[in-house]
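A quick write-up on the structure given underneath.
Read from first to last, the chains carry the letters A, B and C; within each, the first residue is number 1.
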Amino acid sequence: MNRRSALKLALSAPLLASRRAWGQAKTITLWYPAGDITAGAAHFTDKSFFAPFEAKAGVKVEAVGLDYDTMQQKIFAAAAAKNVGDVLFVDGSWVPGFLKEEMLDAVPDARAKAWLDAVSPEIRTLSDYGKGKMWGYPQYGIDIYGLTWNKDHFKEAGLDPEKPPRTWDEFRDYAKKLTKRDAQGNITRVGYAIRHVGHPHGVVHKHFWALYGAGASLVDDPLALRGGKVNFNNDGGRAALKLVLDMLDVDKSTSLNFPDPRAALLKGLASMQISETVSIHERAPKEAPGLKWGLATPPVRKAGDKPVTLLGSWLYTVPKMAKNREAAWQLLEWINTPEQDFEMCKKYAATPRYKVNWDKEPFKSNAYDQALKQIYPYGKPLPVNLGLNGVMDAMGGAIQKTWHHEAKLEDALVEAERAANKAIADAAK
Amino acid sequence: MVHSTRRLIARLHARRVWHAYLFVAPIVLLFGAFRVVPSLQTLLYSVYRVELLRGRFTFIGFENFRELLADPTFHRAAWNTLVYVLVIVPVSAALGLLFAVVFDTRFPLRELFKALYFAPMVTSTVAAAVVWWWLYNPQFGLFNVLLRLVGLPIQPWLMSSRTALLSIILFSIWKGLGYNMVIYLAGLQAIPESFIEAARIDGAGAFQRFRRITFPLLAPTTAFLLIYNSIQAFQVFDQVFVLTSGGPAGSTNVVVLDLYRQAFERYNFGYAAAEATVLFVLILGVTVLQYVYSKRFEVSY
Amino acid sequence: MWTSPLRALGTLALLVLVAGVSVLMILPFYWMLVTALSPSPDVMAFPPMWWPSRVTLEHFQYALQKAPWLLYYWNSLVVAVVSVGCSLVFGLFAGYAFAVYRFPLQNVLFLLILSTLMVPVQVTSVALYVLLSQIGWVDTYAGILAPNFASAFGVFLLRQAIRQIPTELIEAARIDGAGEVRIVLSLIAPLVRTMLATVAMILFLGSWNDFLWPVIVINSGDLRTLPVGMALFKDPYGNINYGPLMAAAVISTGPMLLAYAVSQKFMIRGIAMTGLKG
């Protein structure tokens, strides 16, 4: 049996290997992170989303949901093996890492120019990676970070529900008033919810407003692909970390024991939080139908400063090693026409990207969309430096270490600066 | 006559050697191709700067290792792994022994309880960790709810760098208790009654009997468990990944998770390979040490 | 005479201790089941509700809708059956060779096989992935199976078991004219069938619960195994969907726990045996 069966197994292995039946219509794959991580990816599970394109192009589109935490790893391993999805819908903060490995196809120059001319300014900021170069198209419904608060909690605490805190001092004051405790003194509701666990990138995303609002930044030149130095080991960087640290230790108006800020707000465990507005907008109707929430720019360090917030981005990209590059770009072109933009944003209640669509209903009179539009001018994207992964890891680590009292604020920043600058230098080689 | 017998024996012998190679060929080939070669490639990568997608390999000697030794993140990961191993290995074995002794006596429903203790072992670490993740939730998880019920202060569990590693350790102990207990139980039951009886007749008390007879005779079992638990503990990954992803603030980062991150998120293959090499050497060293040490104390009967 | 009530008391104390700890051991599973069957507000209640106020299947419906669990079971089963089958066959023959024969490089080869136990899959995963892609095995059953076609553990245990067989039996069979292959299949295999069953069970368990390698090599939704499907259900950022999450956990662990309930005596005894041989 031994020899014969071994032979049989060896022969059948290729059969086992080829799971794809031959002779079916060409299929292109689109990889996206499944789950609640990206509210903006919700439409990929809708089977009718691709139907018009499939009919027109004679190509089937298979949307593959991946786990967010392992997605970067899968993309990398798949690219190395030349077996990666044809379209990758990725977190913008991963893009510099991909660029470092020269993994992405650039948007053809002519198309890029047409796009940049036709979209609103904040979309232009997100799309342009320097000198009009585009590596992908940003998603529908821009991912901007804003301050959201529970209006009922405000009323309960004697605060005007329509007036959010405008300065850091006011912010701390409000948070103190909004915090609730039980009989034993355990905090049952935090005034302000913070993100401090999970992937370091996410931690940095939700700290961005404070860091930049204090006058610091992640790197000195946000548009430089190579080189440069970090800019957070200074007064601004320290002040931003200290703000939350004081709220933790002195005011006791926030706590490390609460879940993700968005979940906390939706569950009534927090009164204020600063993160992706689109998440609250999409999830509140389902998860917290009774919630009355407000939306505004984050508070500034002192009166008179301009607010700053993060323009998060998710990009449709095409990897160089995709097997069906042409069809992939066809799909992207289709998804990103003004007509599709209009249809999809209307259907999924997202803000449009084309200037011309902003003038149309329902966006023109939608309160939420218009409120977002007011915030857009203050949004800044993440830097494009090829060493961004390392910079975010370092900064995220510093934030976590400080707030968890694993290290002193100053020391954490010094260490982060060292590690981040090294990452930048390594990426520039 | 003698000549042909010798040739016959030679032929038989040759046949068997040929058979031997044939029989081990599948395993050797499969392992060679899918385990050994990739391991060697990783070893090779550790002295290179690897840019896999650009196909660029630059020899940099021990640069990766030097970086590793200077990196505070790696120090923390190594430290956490060490703490984890030093706690889990003896505690699991000790608890296993304790309960094995208990289960060696007779009491009603013994088999039922044994089955209950062992149940966690058959579930996947991922699924069990997801359940514990829910149990550890600071607001609504059962553990804190129980603490509140009895008036004790609630704990942050996985959310705080002070308690996260301990929380993972508790999970691992829970998961492995049944296994340690069952192994020790088998060892206990293999000890001939006569030995214990003889000691009892000689007037030795229960504790004396345990210390002088039972425990030394359990040495091979103890050695096995210590080695096995060590290897598993050094390689811990699934539960850390599911429960905390190495956070918060790196307090649960362990070597395997760190090298996974370095390889697949930072794309630092050479560096990750260096880490993997260090880990492998560590595991090998500890295993060899334990094996040698246990051989010196082996008691056979 | 006075020892009898004392002993009874001692036994009672023991029983209380054992029962108490067993509650701790089972509590997570119990709570998992209760959460999966209770309406959402119940699980946030304080004091805790140990029993659902009303049994609801909504979480299961949601979980079943969100992911093709039956498909995940099938994939896990295919992978487990093939990997265990191959491991048993290859392990039996290799174990026999190492136990009975003397041949050059024997110890080297054996140590080589054992050494694979100490190198975690994380170490080899990328190099292995690249290799597999070059032969087109990525995102296929074969790819998931690649590092699992054989088991060092199995070889080790089977070698131990076969060593116990008296050589006279083998010699006798040889003298009777049986070929080596026949000897392994007709003589050795039945003699070590308990060990074979034990190895099969341990390997099956390992394959069923394997997480990291499948998550690396599987891209298509329709190829996912059970743990991969389970991990996808969890949102690490404070998802408040505990009901469906626990329902998914029940779906994941249920069958294995049921199989265990039926065969636990065998399972426990088998695993205990492996410790003895170690």
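In this text, contacts are C-beta pairs under 8 Å (C-beta built on N, C-alpha and C of every residue); 3 or more make two chains touch, one makes a residue touch a chain.
Worth saying up front: this structure is predicted, and the values here are computed from it rather than measured.
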item: Path length in the contact graph (chain B to chain C, fewest steps); value: 1
item: Relative to chain B, chain with the most remote C-alpha centre; value: A
item: Chain B-chain C separation of Cα centroids, rounded to whole Å; value: 15
item: Distance from chain B to chain A - Cα centre to Cα centre, in angstrom; value: 37
item: Multi-chain contact sites of chain C, meaning residues that touch two or more partners; value: 93, 125-126, 130, 184, 231, 236
item: Touching two or more other chains - residues of chain B; value: 23, 26, 52, 137, 139, 148, 245, 260, 263-264
item: Chain A: positions in contact with at least two other chains; value: 2, 69-70, 73, 77, 80, 198-199, 258-259
item: Chain A-touching residues of chain B, taken from the complex the two chains share; value: 22-23, 26, 51-54, 72-73, 137-139, 148, 151, 153-154, 156, 158-162, 241, 244-245, 247-251, 260, 263-267
item: Parts of chain A lying in touch with chain B, wherever the complex brings them together; value: 2-3, 6, 69-70, 72-73, 76-77, 79-80, 97, 100-103, 184, 186, 196-200, 256-259, 269, 389-390, 393, 397, 400-401, 403-406, 415, 419
item: Sites on chain A touched by chain C in the complex; value: 1-2, 5, 9, 13-14, 16-19, 29, 31, 34-37, 64-67, 69-70, 73-74, 77-78, 80-83, 85, 195, 198-199, 202, 258-260, 262-264, 266-267, 287
item: Chain C partner contacts - residues on chain B that touch it in the complex; value: 15-17, 19-21, 23-24, 26-28, 30-31, 33-39, 41-42, 45, 52, 99, 102-103, 105, 107-109, 111, 113-128, 130-135, 137, 139-140, 142, 145-146, 148-149, 174, 177-179, 182-187, 190, 220-221, 223-225, 227-228, 231, 235, 237-238, 242, 245, 256, 259-260, 263-264, 269, 276, 279-280, 283-284, 287
item: Of all residues in chain C, those that touch chain B in their complex; value: 11, 14-15, 17-19, 21-22, 24-29, 31-32, 35, 43-44, 46-48, 90-91, 93-94, 96-98, 101, 103-104, 106, 109, 112-113, 116-120, 122-128, 130-131, 146-147, 149-150, 152, 155, 180, 184, 205, 208-209, 211-212, 226-227, 230-231, 233-234, 236, 242, 245-246, 248-249, 252-253, 256-257, 259-261, 264-265, 267-268, 271-276, 278
